[in-house]
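Every chain is named by a letter (A, B, C and D) in the order it is written, and numbering of its residues begins at 1.
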Amino acid sequence: MSPILIAEQVLNGLQFGVMLFLMAAGLTLIFGVMGLINLAHGSLYMVGAFAAAAVAGLTGSFLLALIAALAAAAIAGALVEIVVIRRLYARDHLDQVLATFALILIFSEGTRWIFGSFPLFLDIPGWLSGPVTLPGGIAYPLYRLVLIGAGLAVAAGLGLLISRTRIGIQIRAGENDREMIAALGVDISKLYTIVFALGAALAGLAGALVGAIQSVQVAMGEPVLILAFVVIVIGGIGSIRGALVGALLVGLTDTLGGIFLPELFKLFLDPATATAVGASLASMAIYILMGAVLIWRPTGLFGAPA
Amino acid sequence: MSRETILNALLVAGLVALPLGAHLAGEPFTVTLATRAVILALAAVGLNIALGLGGLVSLGHAAFFGVGGYAMGILASHAQSYVPLMEAPFLIEGTKSMPVIWLVAVVASALAALLIGMLSLRTSGVYFIMITLAFGQMLYYFAIGWAPYGGEDGLPIYVRNGFPGLNTLVPIQFYALCLVVLLLALALHAVIARSPFGLALDAARQVPERVRAVGLNPTRLKLAAFTLSGAITGLSGALFADLNRFVSPTMLSWQMSGEIMVLVILGGTGRLFGPVVGAAVFVALDHHLGGLTEFWQVWLGVILLAVVLFARGGLIGLIAGERRTDA
Amino acid sequence: MKVLKTLALTTALTAVAGMAAADVKVGMITTLSGGGASLGIDTRDGFMLAMGMADRDDVEVVIGDDQRKPDVAVQLADEMIQSEQVDVLTGIVWSNLAMAVVPSATAQGKFYLSTNAAPAQLAGRGCNPNYFAVSYQNDNLHEAAGAYAKSEGYTNPFIMAPNYPAGHDSLAGFKRFYGGDLAGEVYTTLGQTDYAAEIAQIRDSGADSIFFFLPGGMGISFLKQYSNSGVELPVMGPAFSFDQAILQAVGEAALGVKNGANWSKDLDVPANADFVAAFEEAYDRLPSIYAAYGYDTANLLLSAVDAADPAEDPDAFRAALKAADFDSVRGDFSFDTNNHPVQDIYVREVVQEGDIFTNKIVATAIEDRSSAYVDECKM
Amino acid sequence: MPEPILSARGITKSFGALKASDDITLDLRAGEIHAVIGPNGAGKSTLIAQLCGGLAPDAGTVQFLGHDVTREGTAARARRGLARTFQISALAMEHSVIQNATLGCVGATGTPWRIVSRALRRGPLRDRAEQALARVGLQDHAATRVADLSHGQRRQLEVAVALTLQPKAFVMDEPMAGLGAEGSAQMTRLLHDLRHEAPILLVEHDMDAVFALADRISVLVYGQVIATGTVDEIRAHPEVRAAYLGDET
């Protein structure tokens, strides 16, 4: 296996991780501030992708599509927060799991109701398509590089938002002590709606960005949702930094595991068996990683000790 | 008698009378549907012990459901192909006998629950939810790639397994068998809930520090409950596989875990008959909404949402009021 | 009730079913909700189109949505057999659902006509006189791609499928008719959405062509990512990933791809031209391969109903099915001893016609192909 | 001097830069009430956690009945006979009063694995629970849900649960907290009698109660015991007056 291939695979893992971060950041933010488990986060990812595909189909503009994705997911998030979620903050996790499970059903089938059963088309814009040659001779798709850049930019922006702005201060205060921010005179319900909409917008952005290179279809959010959960659990729930580290770990493990495990098994098994066994183990790899992290640190890498 | 006791008695009467009536009226499919509800209720009774008594929000109970299902699938498939399960160091043959299959299903799923529980109980709260989910996914992906037993295609069993003295192919007989198992599991839950173990477990859910302070180990109590819970759900998995004469990784999927949890919460978490009400209502909704609109799952979602938001304590809570304490 | 009466569902075809007078009852179990719904909807629409064109009042169809869940499919089968008392079942799209339903349905003496899924087990040792695959045997379209790869003189293809039984069968089928060296053989995770890692492996492997089997959204994702990767090797696959239902979502990325298929809308058969025109007329979209199978299945069924009533004389009904005396949209069509078709398998190329992406036939890959498992079937 | 029942020897615990326990040595002898007082943030809760097993000290040892229990958990120490009450009631709120008391009996008798018998059936376990309730005056509230009890009754139930363990020593974390004058007096009478069953390490803010009850008092300031002595000695201790009592007297 050539060093170029390995470098390329690391880039792929990085790109996958960065996209997972966009999903995981919203989830972990919502959990950190409101203490809410949102199983319907994947549905907001789907909303973003569908909105982008619809707008791109009408206008032909990818940028407009991205804006639409952000707006649609944020609006859907805010609506859901106001109508349903805010009644759940005081409830235990059990009720939250059930209610957001119900939301998944509503979103998935509702989307199919509106857009039909056939996958939608969303493509990379011409000016971002095709490969570029990186130092070392790696031909790498430009769009994936843009995804890495965009994801890291969002991560940095989110970091700034939380450390430097008024709303960031309120968010941090909310994470530490819910009574305190009320005492500070912050309108909590407005803050919660904003945080939820922000998380939703991030998920919608991820859906639109990824939708251009994947299939835009109903239930596309669920596999990603589970991965995002794995990410925030590894990183420590509530920690944005943890989400970033966890996302990159999961992205790299998943990508590199899929490549190297079959190769590893080929050393002592016949190729067909090795490929199948390696592939099975690779699909379990991130869950094994998560199990190992939790056994070692029960509250994740950056989580506050219980 | 409290309202809940009366309700429970009515439910038992309904579980006996309705399918019997359907049988006499010559509607075997209604009996099959009732069997499905009873088996799902059994799975939820299992989860209810972990969830209701132990406060363990497990989003990975499909793992035990599937282990039970595969115990049945593997034993029965070897029996129907006459290939022994293993020959060395000693011969193990497949079987089509339900009691043997049940025993294996219970032991296998209890072991799985013990192992998963030991690791998962190091965490709590949301982490517990997520780590159980992750273990479920691990088994799911394992089953999908498990070629000798069908992988994603699953494992069909051509003829339903047998139970001494019964013809399990007759819907009402198989139903009666499943109902007896369910009632036994409910009795077990009722006995446990009032036992010293149940008291300590319920206290460990509410105030673990108090339980420690009286010299007990809350984690061990929860682990025991989790293991028992997994065993019961595993048994229901074996029955479910026999109902469908088929096992597949779908039984291990996270949506299945979610559904089992929905059954418990819909009926009323920690309520003895909560799983029964939850399963009956869920199966009925699932079945009848489908005829009304192609997008029936939207309405299923709306109904579930309404229950969470407006009927705290589930449907039993709605009818029978708050849970009463033992005195 | 999840079993919908045809009248309730297919408003364009209200004349289909004469409820009271129906002599033969057919149960269709297919996927109408969730991620895989488009395939089931096309199956249903193709089937009901044939029913509507025949304008018969002696056949009633009940339709149920299996949600792509095996246990739901089994429940529907139980309901249709026990409650609706159907004589014939049909419609399942997915192999794992077929494995859940077919063995027990045929064990109860019901007929099953497969509109799509035809797993190896049911073609070989698990074959049954009451089970007919109208579509193909699962390996056929992969075999066609293998034969095509050989005839094109490829010497180093890279082959790839998800890690599940149909995936294993797919690669085995390709290799059966290709028979040469491979640049690489990879199993992906079922439901995987990102193929960057595999594309990098392909680039690195020195392959001269690619064969892949990634049904549904997986194929869409792979093709979009592949077309943007700068790797420009010829691509082959079975028809599933290049079917009418998903080509519009793939777009230009699919242009030029060769795919093994036993049907195409431009197949020069009179029955096919009628079918395509009628389907477009009725549903305002081009038919997919699933619609074609559904249409053929309905016509086969009707031809057998003309000969005998399945409930009263199952042997005669079975013989009539086996005779396959109907106008297939695929031209020459007959059943082998294992009740799987003997038919020509073609290679199609994805082309653009106006705004629509579709397929045209470019070659015949294998003539009169039966299936690899026919000798294992003892019947 | 008899061997102390419970003792801390040089225990030290830091949280980052903060030394919550700084080389604390104190003991609890048979028959006495030993009160620990100190201002907020003096490290009282940390001390209790280390005595009862919730926290492991960085240095030093905890001895109970002659055993080194420093590395044992809360449950193990409870099984040895160390009973504690909590500053904020740690009771099963959804359970009845008798259920909470019975839980103590289940723990004390080591019978949590019984799954067939009824926890509340008539018998030795129930008698023991009812006796404990009678001791604190809750015998008429056995069937009441804890959530429906008054604050004072919950404090009494805390003590009753500890009593069911038939302990060798009590550690009580502010049993008077939030009680009115009458409640305080009632609790004071109860503790006064209890000391003969097992000695009490009493952490308390209510100075009247402490001075009325304590045989000895230790004063904790910034994680250090600055003085230990009888009530009179402590009242007279200049450092204590300066550091702690200064603004009260």
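As a working rule, a contact is a pair of C-beta atoms (placed from the backbone, for glycine too) under 8 Å apart; a residue touches a chain by one contact, two chains touch by 3 or more.
From a predicted model like this one, the values you see are computed outputs, not experimental measurements.
Following the contact convention of this document, B is the list of chains adjacent to both chain C and chain D.
Between the Cα centres of chain B and chain D there is a gap of 43 Å.
Chain A and chain D, compared by their mean Cα positions, are separated by 49 Å. Taking each chain's centre as the average of its CA atoms, chain A and chain C sit 35 Å apart. Within chain B, residues 141, 144-145, 147, 295-297 each touch two or more of the remaining chains. Chain contacts: chain A has residues 108-109, 112, 276, 279-280, 283 touching two or more partner chains. Chain D has no residue in contact with two or more other chains. Per the contact rule defined earlier, chains pair up in contact as A-B, A-C, B-C, B-D. The touching residues of chain C, when paired with chain B in their complex, are 1-4, 8-9, 32-33, 64-65, 69-71, 74-75, 78-79, 82-83, 95-96, 99-100, 102-104, 107, 119, 121, 163-166, 168, 189-190. Residues of chain A that touch chain C in their complex: 1-2, 4-5, 8-9, 12-13, 15-16, 108-109, 112, 117-121, 123-124, 129-131, 139, 141, 143-144, 210, 212-220, 223-224, 255-256, 258-259, 262, 271-272, 275-276, 279-280, 282-283. Residues of chain D that touch chain B in their complex: 52-54, 73-76, 78-79, 83-84, 86, 90-96, 98-100, 102-104, 106-108, 110-120, 125, 142-143, 145, 161, 164-165.
Across the interface of their complex, chain A is touched by residues 33-35, 37-38, 41, 163, 168, 185-191, 193-194, 196-198, 200-201, 203-204, 216-218, 220-221, 224-225, 228-230, 245-246, 248-253 of chain C. Across the complex, chain A meets chain B through its residues 31, 37, 39, 84, 87-88, 91, 93-95, 97-99, 101-106, 108-110, 112-113, 226, 229-230, 233, 237, 276-277, 279-280, 283-284, 287-288, 290-291, 294-295, 298-300, 303, 306.
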